[in-house]
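For reference, the structure discussed in these notes is given below.
Naming follows writing order (A, B, C, D, E and F), and every chain is counted from residue 1.
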Amino acid sequence: MLNTYSTSSFIGFDSNYEDSTVVMFGAPFDGTTSFRPGTRFAPAQIRIDSYGLETYSPYLDLDLEDFKISDIGDVDMPFGNTEKALEAIKTTSKAIIGDEKKPLLIGGEHLVSLPVIESLYNAYPDLHIIHFDAHTDLREDYMGEKLSHATVIRRAHDILGDNRIYQFGIRSGTREEFKWSNDHTIMNKFDLSTLESAVKNLSGKPVYLTIDLDVLDPSVFSGTGTPEPGGITMKELLNGINIMKDLNLVGADVVELSPSFDTSGVSTAVACKVIREVSLILAK
Amino acid sequence: MLNTYSTSSFIGFDSNYEDSTVVMFGAPFDGTTSFRPGTRFAPAQIRIDSYGLETYSPYLDLDLEDFKISDIGDVDMPFGNTEKALEAIKTTSKAIIGDEKKPLLIGGEHLVSLPVIESLYNAYPDLHIIHFDAHTDLREDYMGEKLSHATVIRRAHDILGDNRIYQFGIRSGTREEFKWSNDHTIMNKFDLSTLESAVKNLSGKPVYLTIDLDVLDPSVFSGTGTPEPGGITMKELLNGINIMKDLNLVGADVVELSPSFDTSGVSTAVACKVIREVSLILAK
Amino acid sequence: MLNTYSTSSFIGFDSNYEDSTVVMFGAPFDGTTSFRPGTRFAPAQIRIDSYGLETYSPYLDLDLEDFKISDIGDVDMPFGNTEKALEAIKTTSKAIIGDEKKPLLIGGEHLVSLPVIESLYNAYPDLHIIHFDAHTDLREDYMGEKLSHATVIRRAHDILGDNRIYQFGIRSGTREEFKWSNDHTIMNKFDLSTLESAVKNLSGKPVYLTIDLDVLDPSVFSGTGTPEPGGITMKELLNGINIMKDLNLVGADVVELSPSFDTSGVSTAVACKVIREVSLILAK
Amino acid sequence: MLNTYSTSSFIGFDSNYEDSTVVMFGAPFDGTTSFRPGTRFAPAQIRIDSYGLETYSPYLDLDLEDFKISDIGDVDMPFGNTEKALEAIKTTSKAIIGDEKKPLLIGGEHLVSLPVIESLYNAYPDLHIIHFDAHTDLREDYMGEKLSHATVIRRAHDILGDNRIYQFGIRSGTREEFKWSNDHTIMNKFDLSTLESAVKNLSGKPVYLTIDLDVLDPSVFSGTGTPEPGGITMKELLNGINIMKDLNLVGADVVELSPSFDTSGVSTAVACKVIREVSLILAK
Amino acid sequence: MLNTYSTSSFIGFDSNYEDSTVVMFGAPFDGTTSFRPGTRFAPAQIRIDSYGLETYSPYLDLDLEDFKISDIGDVDMPFGNTEKALEAIKTTSKAIIGDEKKPLLIGGEHLVSLPVIESLYNAYPDLHIIHFDAHTDLREDYMGEKLSHATVIRRAHDILGDNRIYQFGIRSGTREEFKWSNDHTIMNKFDLSTLESAVKNLSGKPVYLTIDLDVLDPSVFSGTGTPEPGGITMKELLNGINIMKDLNLVGADVVELSPSFDTSGVSTAVACKVIREVSLILAK
Amino acid sequence: MLNTYSTSSFIGFDSNYEDSTVVMFGAPFDGTTSFRPGTRFAPAQIRIDSYGLETYSPYLDLDLEDFKISDIGDVDMPFGNTEKALEAIKTTSKAIIGDEKKPLLIGGEHLVSLPVIESLYNAYPDLHIIHFDAHTDLREDYMGEKLSHATVIRRAHDILGDNRIYQFGIRSGTREEFKWSNDHTIMNKFDLSTLESAVKNLSGKPVYLTIDLDVLDPSVFSGTGTPEPGGITMKELLNGINIMKDLNLVGADVVELSPSFDTSGVSTAVACKVIREVSLILAK
């Protein structure tokens, strides 16, 4: 037969779905229909550029080759309909969780995290969230819209309730959002300085990790829609992932890469490296 | 008093509203709320970069200084609500037409043309349209949505009826759109070769000119959301404007510049030059 | 089951291999091992960006949906070994031809054309070639190397012999190459002006079409390794493909897109559109 | 009436001139007449892009909405004549100071600071300066020219005398400039490490803050004429502004953004955020 | 001895000064002192990138290897003083002309042509000029300055008088400049359509050719300070050079490449190819 | 005579070869023959852009003007043949060392370091190496090739043996490479934290310093083939050079700038500044 192949798998994610303990899938959703491709094309670009990565992490001293991880492609979602798109993601994440595997979601915009959080909450009622982001994402609604990238963590709070969400690196939002967080989430503004103690608090509890890559400073990650200067460095992020390596992680996502704005390719290289590290602490 | 000023007027559009015969206004609408600035910021960028332009056109042997043109800024439109945004544009264009002046609209996305066409149709029931574009824009709906940049000319047809719309430079669309155009519009695919005869047919009739700048080849105009190779050259467009100089133009628009994608500044320079030429044939 | 998918097929190339009359495959080869991704990643990028394309061609009045075309992915080629890479391409192309289908190859650098030409020559001893390029590609060797992107048409001549190769758009090479072509190939420098008469000469004969996209002017196609100003326009190329629509084409390739140098995305959009048009004249 | 507006005000600077305590104005001067727009267009670009900013600062826990700040546009300055340009800036700054308001100047090149310093010195004979920059700006003349962006702090010293100017982040200059500074200014090379103690020394004294944005490392601020690697991070700058929040600031400027070199938009986002923070510590 | 070399010669310009008939030299002058490098660095960049060029021209069927051309480097000019800079260029060009060789000047901004024209006028009192440009360059002064890139052709007219200057491709200027040209120069607006007849008129007369590369459309030549859409194509320029091949050319220049704005490298490739073609028609 | 010059020397490297104690030379080698210019053109670009640099270093309080440094241009190396290219570099470095001068090599890719190390080892059998890099470069072979940028430090180990090579900033490689380094080199992963103690150990010993600029984070140095996020900052690198200022350095190199990927010019500015600092600690 013909010996051809497709580059549709992330490097080192070579296992069959059945054998795998961690399952990566993409949610190419950005809620805009008429613009030059945005975060919608991140999963495809990440898979291509992942071939510039080594499978070994000197940070964790772990190698992708030692774990069972699969990449099942992207969710086939109805274009231009937010609710159906979220439904499609939920169906996939429920199936993965039902098969006792851990979901690793690649966005797409931040809203795609919501259905995965819902699915995990059903399986783990004591679910907590660690949230890395430049923005609070805590609005009650955005221009009247309840389901938005700017409200996603507020919607997660609707599900989980108070003091289940730990936010890190936050440096932009309205005064109201920051005030609201005082009573409802545990927020570490600007950096990751309290991550170590948060990890201690969360010991043994089921945790979902959601990384909006714009938590990074635009100097290292310019490939995103709304650059917010004053973010953390790549080293701080890599160190943060290392700190979380003994958590009971039950799922994770990496969102908001917008390849069109990544003219140098550096932002996609950043995304690939973060995905490798996150998949390793999920799998171990 | 303080001798400061703002750069919010296009070069040479120095008249008061009251004195002017042509009135430029911006419609910074792109229907997307969460993305890096798109066509929404075109009017502001065009005003800034217009200062690289001479006021004299050697193509038409006319000078902006000899005409009464005003730039009244941008329509203040409710963010995130398409219908109210179109309503706001309509209010402005009706007022301009009511004052017996000619509207010159700067987009934003192509949908902004629609309320100006409606307003002009009320004043000129025999209105015709000349439409320059890469795309047919003739869908009945786009993802179920009737008001879209991809349906705008179909909506214009709803108002004007058959054989009132002359389309030029069209090179992309579904098979259905091209078929539909056979019975309902007068389409010149790929270039402007029949423009001269169209101008003859339209002699004396009230004509609205709508220029989607992506009618140009991406080699000269890359600053747009969906590059469609195989377009006309800048010279062909300038020549086309010259051909229309004796038409009874009652209004015009220039749309779809997206400054974020114009890293070299060339696309904005193109938009400025097209606006100068169009304003001159409107004003004379 | 999980309803996921991969974006690894070109838009509209939805048939099974068994049903298809035209088979697209990629040859992600660029003979360099240590550099930022070059033409090697063109097939993957082309598949992603093809989703910005309509399936209908107004140039040919044909629609991809009416034809049986498959996209079987990329040849799995041994990295870093030119001869084995060419062998792998040859195996694939022989299988396709053996199944009485037409190969449509996506490069990769121009050298990838050679094994397809060899395979087709075995099936069609009267094979002729139409070659679009900025460069002669007629060197006997390049830095002592016989198998190179700069020698590929000379190697094709080794197989086919004199006056079987029609070259168009050529504008760069050594004096020796241009002289050599006088006796051995039929060369149309700078443009496509003699294409129509060439097509008449070739009527009924089996023809392979190889398009090095740098035949286009760098104004419209800058995404390539060696920009050579003075090329043809996109309209000239589209018109050229139209002229060839009644040839007995038995295979084709489109090569030398280098996505890393295509910061605006325009070059990839050009490649996608050329592939759509070529696949339609192959399939009809 | 027509409900249009201009985008010529910085976000949140909505007060009337009469009511305001802080007055922002632009000085679009770059002393070059024949080149693609440089720092001259920074004020206009900053106003446009400021709409991507929140009005609330989580760094200072202050909101622009709680202060009276106006944006009076740009100084109308005679093109191509340095002395008249500086005179025009001086006239504006004297009027603002005379009305007991604080000037906030947006450059243009660094030379625009000089007339504001002169005006403030007349009102506050004990004026001191805090100067953030990559370059010493201490030359006696530059190519024979006494008024230059490379001499501006030396000219400020002509007015204020010894030990009134505190320089931070300096990392480039001639050996003579560094030597001269030993006896005449208080220089903190490379970073802001002595800022806290300087603020103590300056307690109660009238202070002018001048920020040449190239004090930042080019990794976060590449949109400037002469990138000088080894600068401070955005976090260090934001922290530095916070340290100065209880100073008796009587005026400030932010200079040297060159939008043409800011292809990613990140540098303009940096400038906007710095202006928000500086305006808040000026106004409180 | 050490077998090192410098890349400071244009490809194929390998002759000694003494042996050569054509002498290339650079004038890295752009009259701005404080900005990111502009046209000042064009000669150096052109020499580097010339190594991507073949020495053979298929347009002229001539090869650089058959002619005696030298590249003597750049004029060592006093920085920041326009008059002395022009004096330095004049000294060099006079020496070359005195040695009965033809000068080929590489800019720098257009003003650098003036001293070469003066030198040639002294040697050839019947000197004529062929001028390719987007701009008239005919102002009496620019912001009060008589020596400027915007006045250079007016200054050349001061020397040569009426009807000695043939202008081609002109598409931008004030109304006054265009009017003035009616009585004093021979202007072909927009394109090269009358070049053939001009060449006939100039048969046998000594002619200087000055090419401001912005005569090209920005689609192919974006690497310049003031992009002016609507220019000629590369093919038109190459054809124009071919038309002039039998003129009695006594010198030439190629000016206004600004490498900082040439992010793709295409503009520099254009400049190199134009220089090759011009040097060949000068040398033959 | 004609007062022209070439810009082929690095700023401040003005001495004759005979007088100099440090000799800079370029090795424009990148082992690829068919691609858009890579590291091969770094030496030429570095020389041009060095003119944006001051000769005085405030970090070291030293000025290039006080030292005897020459720039002898680039090694003239046979294109397309790795072994001969290395031979040519070796000949040059041997001559420099034989004349009791210190070689300062500018790459080109990292492999160019090898012949300089061999030459120095012959002169200094106790030679040690300090190696700054993102990558281990310790493979036994790369795709079967023993001489490669990915094996260069392994080849250096073949010469020097165990525990002579100190590696810093390393963050990418295979698990095997990292394991191998445990027994054979002294590796400081991720940063320079042990540099100070290494310098103490190396006191008095002859040391070669090899800096692969990709040791820097891509935020400050994106102009390289394989961006590896998580690197050191420019300040850390400058501080590291300062720490080494009393070592017995006998030679050094700075490699892997790829100007084609440096669209902002920042990476080349970084390279120039590093070369100034390294040359000063070599010369003092």
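The rule is simple: a contact is a pair of C-beta atoms (placed from the backbone, for glycine too) under 8 Å apart; a residue touches a chain by one contact, two chains touch by 3 or more.
Listed by chain with UniProt protein names: A, B, C, D, E, F = Agmatinase SpeB.
Here the structure is a predicted model, which means the values were calculated and not measured.
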item: Most widely separated chain from chain A (Agmatinase SpeB), with each centre as the mean of CA atoms; value: E
item: Which listed pair, B-D, C-E or E-F, duplicates the contacts of B-C in over half of its pairs; value: C-E
item: Interface residue overlap between copies chain A (Agmatinase SpeB) and chain D (Agmatinase SpeB), same or different (over half shared); value: different
item: Distance from the mean Cα position of chain F (Agmatinase SpeB) to that of chain D (Agmatinase SpeB), given in whole angstrom; value: 39
item: Interface hub residues of chain A (Agmatinase SpeB), defined as touching at least two other chains; value: 36, 52, 217, 219-220, 226, 261, 263, 265
item: Touch list for chain D (Agmatinase SpeB) against partner chain F (Agmatinase SpeB), complex; value: 170-175, 178, 189-190, 217-220, 222, 226-231, 261, 263
item: Complex contact set, residues of chain F (Agmatinase SpeB) against chain D (Agmatinase SpeB); value: 52, 54, 56, 58-59, 63, 217, 219-220, 233-235, 238, 263-266, 269-270, 273
item: Chain E (Agmatinase SpeB)-touching residues of chain F (Agmatinase SpeB), taken from the complex the two chains share; value: 2-8, 17, 25, 28, 36-37, 41, 44-45, 48-49, 52, 72-76, 88, 91-92, 95-96, 260, 263, 265
